[in-house]
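I'd like to ask you about the structure that follows.
Think of it as A, B, C, D and E in the order they're written, each chain with its own count starting at 1.
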Amino acid sequence: MAFAAFATTTAQADPAPRRRSPVALLLLLPGILYLVLFFLTPLVSLLITSFQAPAEFGDIGQYTYAFNWQNYVDVVTDYWPHIVRSFAFALAATVLALLFSYPLAYFIGVTARRWPLLQSLMLVLVIAPFFISFLLRTLAWKQLLSDESFVVTSLKAVSLLAPDAHLTGTPIAVIFGLTYNFIPFMTLPLYTTLERLDLRYLEAASDLYAHPFDVFRKVTIPLSMPGIVAGTLLTFIPAAGDYVNASRDFLGGPDSQMIGNVIEANFLVLLNYPAAAALSIILMSVILVIVGIYVKRAGTEELL
Amino acid sequence: STGGAAKPSAAADVSDSDKTIRWDNWALYIDVDDAGSYPTLEAFTAETGIKVAYTEAVDDNNTYYGKVKDQLALGKDIGADVACLTDWMVGRLIRFGYTQGLDHANIPNLSNLVPSLKDVDFDPGRSMSVPWQGGFAGIAWNKEKLPNGFTSVSELWDPSLKGRVGVLSEMRDTMGLIMLDQGVDISGKWGDSEFGAAIDEFKKQVANGQVRNIKGNAYKEDLVNEDTLAAIVWSGDIVQLNAENGDKWGFAVPEKGGTLWNDNFIVPIGSPRKKNVEKLINYYYEPEVAAEVAAYVNYITPVAGAKEAAMAIDPELANNQLIFPDDSTLAKAHVFRTLDGTEEQKYGADFQSILLGA
Amino acid sequence: MASGTFADAGADLELVGIQKRFPGFTAIEHLDLSIPAGSFFALLGPSGCGKTTTLRLVAGLEEPTAGSILIGGTDVTQQKAFQRPVNTVFQSYALFPHMTVLENVAFGLRRRKIADPVGKAHEALRLVELDHLAARKPQQLSGGQQQRVALARAIVNKPALLLLDEPLGALDLKLRRQMQLELKTIQEEVGLTFLHVTHDQEEAMTMADTIAVMNKGRIEQMGAPEVLYELPKTAFVANFLGQSNLFTGPVIGSTSTSITVDVAGHRVVVPADRAHRHAGEVTIGVRPEKMWLHRKAPAEAADRNIMGPGRVIDVSFSGVSTQYLVAVPYIGTLIVFAQNMAFGPVADVGDEVWLDWHVEHGFGLEDEPIPGAGPRFAADTDTRSIAAQRRESLVTELEEA
Amino acid sequence: MVPIAYTFVFSFNDSLKSNITWRGFTFDKWLNVCAVQNGAVCEAFGNSLVIGSVATVLATVMGTMIAIAIVRYRFRFRSATSLLLFLPMATPEVVLGAGLAAQFLSLGVAKDMTTIILAHTMFCISFVVVTVKARVASLDPALEEAGRDLYGSSAQVFLRVTLPLLVPGILAAALLSFALSFDDFIITNFNSGAVTTFPKYIYISAARGIPAEANVIASAVFIFALVVVVTAQVSSAARAKRLAKEA
Amino acid sequence: MASGTFADAGADLELVGIQKRFPGFTAIEHLDLSIPAGSFFALLGPSGCGKTTTLRLVAGLEEPTAGSILIGGTDVTQQKAFQRPVNTVFQSYALFPHMTVLENVAFGLRRRKIADPVGKAHEALRLVELDHLAARKPQQLSGGQQQRVALARAIVNKPALLLLDEPLGALDLKLRRQMQLELKTIQEEVGLTFLHVTHDQEEAMTMADTIAVMNKGRIEQMGAPEVLYELPKTAFVANFLGQSNLFTGPVIGSTSTSITVDVAGHRVVVPADRAHRHAGEVTIGVRPEKMWLHRKAPAEAADRNIMGPGRVIDVSFSGVSTQYLVAVPYIGTLIVFAQNMAFGPVADVGDEVWLDWHVEHGFGLEDEPIPGAGPRFAADTDTRSIAAQRRESLVTELEEA
């Protein structure tokens, strides 16, 4: 199934002695060239754009090449709350998705092993959302969480929500939307590692006087680390750059705009390309740094 | 440099062989029958043999521009042969050379254009644009929840409405109404300080959560699901919403004034069907057709003689202040003055930064 | 090394009326077993006979359907795995791959909040002579080293009872024999009760004080290795624990000290106290190494049973000894081992030979002879058919498993 | 699950302009999916199918080639290659979309179906590589050696041994690519010009209210996928059972 | 079964001056080997000694750094794997999982466009008695069955030479012994040249016509199993192929028929034709099963070597025979095997015993004795230290590998 992609490829037992061969070059060339052309050069032109300055006597949206590093200072001063907010939301969504997905993945991957049919059925339900546009699902939430909806009125009825409070347009709704949308991306890699979890380790731990809670903490969690890392990355990275959930037309409001929304607004509305580019470069660099540190600390560098 | 350096040239016209038009317009902006088809458009097709693909692709001038600007800059087809956009945006498009000149000879009915709109600063002589509909931005409210109604923008800031207020993402309407509320003549000379004061007020209302929904035409969804109880909206929409959902909302232009604007037909530079579009414009400038549209959309028609035609349909219609405003109504309506490029960039950024919550 | 650290004696284990049913399969029908404290006990049996299931029941990783389990006199049937004073060395070792060797060994101590887990873990590692590799991860060890870490990880907890589930099964022959020696040594040193599961009979015999031979969820016979080997009670034990030449025939005479059996015309005498059945159709046997090969018919003697003439159909040299297959008409193919005290085989393929053995080396089984089964070995005289025959039984065995 | 159910239920709503309030049950929308707005929903859906298919084929072919090269050969710039493959996955979609859009703009490339396909192929390649790589790495090299030993030339061994064994991995990769492409909005939004894909259609319509027809299409795709997956699972379970019985 | 179908005789194999270097490691230094057509040849050696590398060179899966390979007299060094008349049974079997058993077997025939591949494949499957499973996929077979399919897949091509890389390595002991018998039978039947790689010495001895013992990329000794066993040339062979008691000392006398060596004061005589070195420091040895255990000092005799008194430090029963470890002062610990012809051990732990053996059973190694190494076995008198000693050599061995 598709989610094999999310499994970290742990080092395989001694693959064939690797050869040097011109065949390798032929195999690599098209794909690598493609990525250079359509990934790397755009990044470079993004970098160049990020230093552009407004054209003299130019109209809105007109820029010339320059080395205007001030752009970076400006966007950080203007938008640092969005940068911080993006990572905070992404982090919150990642943690929530993990808390929700882990038991789910554990159930499907371990508990349900005895009932293969139930296992595959639950798996289907997890991947099912992939096949219905995430925009539609998010819009559905917008309706389901609207002020006069069943959800909100009942929450108010039981005083879990203040009478004048609401859900849509708030950070809570955005985090909720992010969490919801990325749960499959979290669950699947977790599932692929937990499915291969050797239960004998758990038995060995309980044989060695570990209380079920200790077994979980000391053995199950560390052994499912590759899945946790893959899942959190596959959730965190796109969540940090997402702008659909936080869009004012979906679940967001003015106080929950993320950096993706800022980039979009600068690109498409304000026509401030240098600012949009600078923000993109910043976003990407911060993510790379975070991912680098995280992967190193989690000790699962063999991600690709 | 990025964007609009060399002006693109118009596409070769294929109208004679290709009898179609793709029309991008706002939601709630044309007559629709119960079956979901457009009676006036069908009549147009019957009359001219030109088929029209009508798409409600415009939600907000900015986002629409964002979607098509790159194509326009290259002089490429944007997927529409005609679009109806607001005065100031049309001004920008004309400045950038993104529109095609209209051949008035093909639009004899243009003589029906009301005199006040015959010459506008962004398009002298109407060589590139022709008005479609005009309207007011005012205040709408949910009559079931708020039976008392509204007469001023300040009333939207009442704490009891916290989080249930909507405004338009159209800067000139939202800021225009606030500036008017603060006593600024938005058509006259004003500058950074007047705008700044209004922005401060707006920022305050957004930051404290009073204003939650800031949208383009999508605001109607919020009214329907009642996330929004009171909002700055466009006049005709409310009448149409009431028709669909029961007479649920009230509408008023604030005492201190509302904005008055027009949306105009333009032919994007990449369209190869200008002649077809000219026929379409000409058709909608028949007073009877204009009246039929107006009767449905409840916006101000720019076609002289439409009032008379409306009278023939229904006298009450002809007296509807939203469609055929009299001088006292118009006295409350103000046109947001044209901004130059720098102002547009600056005020736009200020406004946008509030939408982004900064 | 302070061997005194592990001086706590092991506890005895008692299984009473244990039954274990899996959905759709009864792995253990009725099992009673009692293992004295401090002994090295081997549970021997073919694949699928229920050895692992028994261990898992004792460890608490599986719950018995019926019966109870007592360790050191205490009923632990209701206790969970982590509460039992038992540790297991798993067949797959099950070393935690995310921990160092040291952390693996200290794991159990830490769970029980024993003081100085690191020091004790080092001590256990020194016992298995792997302390220098304490900082490695299990994957960086060879199979033999992993096995010793698994052992250390279990022993360090000084369990009342140590369960070993074919800990040597994955090792190659040479390493395996070396490990056996070590295991035995360590057991003697720490004085714990070892319950060792294996399907390697040689392993069981060289290591254990007591062997229980298990078959299809039941204990067939239990006792000291020598007793089991020299006096097997059933055909299963006779063939599972080493090889045997078995014959079936009616008892045609008996005295107070011996019985005489007619095996296809040969009169074979078995001591009465070494025969479990004294009348009717019986199966008797003798071990291949107890048989002598003669080039001439040996003289009749009261204390020897003679068979022959037969023909040598295969000779195979294996270093220490040579194995001869001798086809004797109407009886079948017999196996004879001769230690290579001289060079070259005593007889060659095709030679006519006689076989004899001391009366006192024979044994009589308790088994009901399978009626009409005839001699144990087919009368075919070529090795191919033996191979084919083995193949067949192998295939059935595999398909059953 | 709730939003899916919601989407499904509202595909039967006898809605007018906006599909928010329940107005009664109807099959009309299912029967006349393409009727609304001159078939814009269906056109968008069709575009998405075409884009998804072409991008999937391109990405799967190139990604599989890279995966084989990475596992099987030694070459210089190995780590640079790995980084180049990892980066697209670690880059937020806005950045990918905006960067490519800026690139197309400065090159004066008009955005249409082709630019969308180019963009989708780009972000799918890395996912294909990861998926197929795992499969290649778990492929026992002895199998290919056995092929050579049994008189198979290099080409024959690749065609008859290597490729068939990689098929499950390649299929999984293709499926993943298609799903990613089909559901992509952000990158598409930046690079689609006048072309409307299904997600883009929904985004645009979000402003004025999604017609129930969109719910119809989404529900149909969902049900189709569900049926395919469930059938596959059930039949493989049945096969496993049959084998177990035979053995 | 039509065994005639496989009547083509095998071809002989010759390796001349083969050297194989891997980046950073020389796996084979210099190898000359010649295998006669139609023989069952075993390549025996410890892990990592270069056995697999040798096979891969012959199969064409690896290119030699130097030297040439001749099959049936033709130089195939430059040929690619698929051009060589050689087939391999891989250790992991390497059956194609996406093909049926039948298609696996027919694969090679189809590649060479041989007529009637299906018929021939069925025939080969009948030979290994698996034709009834022809339609299955390999995953649906047991390990033993897979092994036979791998064999059929190779044999069906009637290769001049069949290479087997520890095809039995993954099987458990019992299954392994059965498979050995089958392999041997099939080889005799098809008459192909088998080159069988193993590190199980018992396997090599019972199966092969000729054994080559390989160590660190070199052939240490080559010959018939009996010859290698009875007359090992090096200490490595003496201990790798079974066990040996080895002693080192100066030659203190020699006649035309024998040499006399002084081993820590004991005079030990070795036949001159069984000793590779006749002067200076030499290492001599005797196999444990050739030694006799005596409770009293045996009378001196010209044809026997005597050692003792020593003390029995360990007795271990293994069914067929019993192993005694005897510590002899200044000499070390000696191993003695005694076939269990009687009940109970001949001697008990702690007993004082003497050992003797026929002069003609001794052998003298070609090895240069390691100066100052003293006796092969440490003078420690407990089994633990032996275990420790073995452990150490094992660890080094593993770490080298």
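The definition used in the following text is that contacts are C-beta pairs under 8 Å (C-beta built on N, C-alpha and C of every residue); 3 or more make two chains touch, one makes a residue touch a chain.
The structure presented is a predicted model; accordingly, all values stated were derived computationally and were not measured.
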Both-way neighbours, i.e. chains that touch chain E and touch chain D: none
Count of contact steps on the shortest path from chain B to chain D: 1
Chain pair, A-D or A-B, that carries the greater number of C-beta contacts: A-D
Gap in Å, rounded to a whole number, between the CA centres of chain E and chain A: 58
Distance from the mean Cα position of chain B to that of chain A, given in whole angstrom: 38
Inter-chain centre distance, chain B versus chain C - centres from mean C-alpha coordinates, in Å: 93
Distance from the mean Cα position of chain C to that of chain A, given in whole angstrom: 57
Touching two or more other chains - residues of chain D: 20, 101-102, 106, 145, 206-207, 247
Contacts with two or more other chains, residues of chain B listed in rising order: 2-3, 215, 218, 225
Touching pairs - complete list by chain label: A-B, A-C, A-D, B-D, C-E, D-E
Chain A residues within the chain D interface of the complex: 1-5, 7, 9, 12, 15-16, 18-21, 23-25, 27-28, 30-32, 34-36, 38-43, 45-46, 49, 116-117, 120-121, 124-125, 127-141, 143-144, 180, 233, 237-238, 240-244, 249-250, 259-260, 263-264, 267, 273, 276-277, 280-281, 283-284, 287-288, 291, 303-304
Touching residues (chain side chain A, partner chain B) in the complex: 49, 52, 55, 58-65, 78-79, 81-82, 143, 146-149, 164-166, 168-169, 248-249, 253-257, 261-262, 265, 267-273
Contact set on chain B toward chain A in their complex: 1-5, 62-63, 65-67, 69, 92, 95-96, 162-164, 169, 206-207, 209, 211-215, 218, 225-227, 341, 344-345, 348-349, 352-358
Residue ranges of chain A touching chain C (in the complex, touch as defined): 198, 200-201, 203-212, 214, 218-219, 222-223, 225
Residues of chain B touching chain D in the complex: 2-3, 27-28, 32, 36, 53-57, 59-60, 68, 70-71, 73-74, 76-80, 215-218, 220-221, 224-225, 244-245
